[in-house]
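Look at the two complexes coming up: chain A is in both, with chain B in one and chain C in the other.
What follows is the complex of A and B.
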């Protein structure tokens, strides 16, 4: 009973933390564009939070730079369980156009486990909202990591 | 009271991008600021040396996702200068059009972010909703919302039809109405006035000494605008004003940007009226002969400077980028001194920082044996001769 209530609450209000790991800002503004009235991701209970301690879902953008590697790991560890990671943008998925640059580790999944990938450079706000909904569906089916 | 050192960032609720501000506080007052940059440094300049010019078009675009087109125009202008190409007038007009649309979207975006930083989220929702109009136009013209991939070396890749022209003009009518509303809001709304007036003072002489650029220095009454001083693309054919205010504070920066929106609309209307017919692109060879070029544009945030050294192959030998945020950061330190801690986010946001494009690292490999050192005076002489050799100094 309690488990079901917790799961229901989790699906109805996924609070997100935006983590920039060296992105060009293209994905970051598209994430914000998904929150504005045109798409209104807030109707799914999505709320942008500043602190990792309050967040359920971490949205990562950008190829992980050498400087951010350790910090990304630390922020991930600070999030309470259960936690989910969504990667927005091609360069976060695989390194993308920055593959081979000396400052880039390449791909968020090399550092922390990832639950959903939203490719695109940058993905449209619709795609980002769709990716979030798919993540929620995955959690509902019991895909809790 | 003992002084406190307070780190802000790299991950922090008030900052959208990972940067570290080490703030020394005396009570509530900021005494000193130490900025540590480099968290988003990817190494694009070096990466460019291993890619061809055509591939680099797309890499340069991704230096920054907000003022991406200013970077691509700079890069194309550099390569075209070394190749000795002149692009067709229609292509030049279309480049100017997209540059101005980009400025529009960037200023609307900034207005929203500034609203968000002072806790005025309603303004954020309003301006971002209007920004979507510009985004739709950009998508209509180029096919993409953010990184447009509109340029190629020697011209542009897509034409503008009559229908699209009409949609652009309709969009401008709507945006002009909205911008008039924001002008009212910016100078009358108490929420903005009480947070922005007299905050983050940058005196013109300090700004000039620290080489601040763009709306940041224009809000201190210094009329610097590359579009006017060294017209590139088709800015020589259109008339517009350089907006300045004398208030030197955050409110001044809000007002400058809102008034620049009107200038953008004015420019776009003139461009649509005068748009010449003709080709879109001239053929450019794959290999670029030996030579160097420098190009600067007025990005939404200020002067964006690019330098290219070509060596005769299909890849650049050296490429150098200096973005407006890099130029404005020293001024931020001056603005922050003496203000209150609560005003730090809005003062930092007031220069419209784009850390993604300015981050760099410096590695000192051998501190025992420093490389060749050059004094400030020597550098001045070197720069002046370099410019004089190209016939750019009178």
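What follows is the complex of A and C.
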């Protein structure tokens, strides 16, 4: 009973944190476009939070530069459990066109565990919103902690 | 039996459970109307409750650099003070749960404690953004608190009493008093907006500048308590303005004291309180954030002189023998 209530609350209120790990700003603009009044993410309970302590879902963009590796890990550790990671954009998913470049790690999932991938260069705002909904459906089915 | 009834009053109906539900509903109304004004759909009805439960169920984090005792005590103090302040408001009947000569001053001081708790919480969280936000909270305290106090004292001077129920009763007997203290009501609304740190006065937690201000290190249940304290402060502050300026639970149309009169007073109080909350939401959605120095000059150049004009008017009218 209590577990079901907590699970319901978790699905109904995913607060997001936007983390740029060396992106070209293309995906970041599209994430902002996914939060505009036209799509209205707040009807799903989504709030954009500035502090990682208050966020549940971290949205990462970019191929993770070497400079950013340590910071990404640290910000991930600052988030309290249960936490989820969504990667937006081709670079974050696999390294994209930067695969093999000397300055990048290539992919967020090489540093921290990732729950959902939203490919595209950049993905449309609708695709980002859809990816978030799919993550929530996955939590509901109990796919993740 | 009588003491059992008192416990029920305290914990369930006009007490804590009611305030919990009312403050969550106030937050819902705030977010929903804000969204509708921006032509969005807005959150569903149970959204604040879902946020609260989710935060309670999250991992408990205390940063290494934080002072554990103060870090934990600050949200509890904030919540306790607001809930205690609520007991003095005349919600259902003409007299609050607890009432004495001078309870207006007590409520004003209790409503100041959440701000101080937020300052202490930010200060002891061991984070530069938290300390910075705490400093902003403390420095803004001096700009809105003085006009708020002075504005709320003018109806008290008119009524010749420091007791909330007497002020409300006086206003129901003398409707002219509401018009005379209209200026004080406007000042009270602006100052309350600053007290609640909402737009345009959300300088302490300006997320574009200092992340989340004093609450930057707060997570999980402590953050939930702070959020609840803020929502309850919105409801109690609006209720205080409704009682002092708009006559609270009056006019009671039912002549016999009984359940019907209670319901009548309660509905009147809720209507007036949500009217004040509605004004606060309109103000929030119409303006953008101002700077610290702009807020201080707004308070000291406009709000305080106008509040002094208001209280002078009240004193003169009172010494001339009061209103008709």
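Rule of thumb we're sticking to: the second predicted complex is superposed on the first by the 145 of 145 C-alpha atoms of A that agree within 3 Å, B and C clash if a C-alpha of one lies under 4 Å from a C-alpha of the other, contacts with A are read in each partner's own complex, and residues count from 1 in each chain.
Just so we're on the same page, contacts are C-beta pairs under 8 Å (C-beta built on N, C-alpha and C of every residue); 3 or more make two chains touch, one makes a residue touch a chain.
Values in this document were obtained by computation on a predicted structure and should not be read as measured data.
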Practice problem: Specify the partner with more touching residues on chain A, choosing between chain B and chain C. | Solution: B
Quiz item: Does the superposition put A:37 against chain B (first), chain C (second), both, or neither?
Solution: both
Quiz prompt | Partner chain in contact with A:127 - chain B first, chain C second, else both or neither | solution = neither
Quiz item: Thinking of the overlay built on chain A, is A:116 touched by chain B (first), by chain C (second), by both, or by neither?
Solution: neither
Quiz item: So, A:50: does it touch chain B (first), chain C (second), both, or neither?
Solution: both
Practice problem: Have a look at where A:102 lands relative to chain B and chain C in the superposition and call it first, second, both or neither. | Solution: first
Quiz item: Once the shared chain is lined up, is A:75 touching chain B (first), chain C (second), both, or neither of them?
Solution: first
Practice problem: Enumerate the residues of chain A that count as touching chain B in its complex and touching chain C in the other. | Solution: 37, 49-51
Exercise. Please name which positions on chain A make contact with chain C in the complex.
Key: 5-6, 8-10, 12-13, 37, 40, 42-43, 45, 49-51, 53-54, 56, 80-82
Quiz prompt | Touching residues (chain side chain B, partner chain A) in the complex | solution = 10-14, 16-18, 38-44, 46-47, 50, 58-59, 62-66, 68, 109, 125, 128-129, 131-132, 135, 145-147, 354, 356-357, 361
Practice problem: Using the touch rule from the top, collect the residues of chain A that touch chain B in their complex. | Solution: 18-30, 32-33, 36-38, 49-52, 62-63, 65, 67-68, 71, 75, 91, 97-98, 100-104, 121-122, 124
Exercise. Going by the contact rule at the top, pick out the chain C residues touching chain A in the complex.
Key: 31, 35, 38-44, 46-47, 49-54, 57-61, 207, 211-212, 215-220, 223
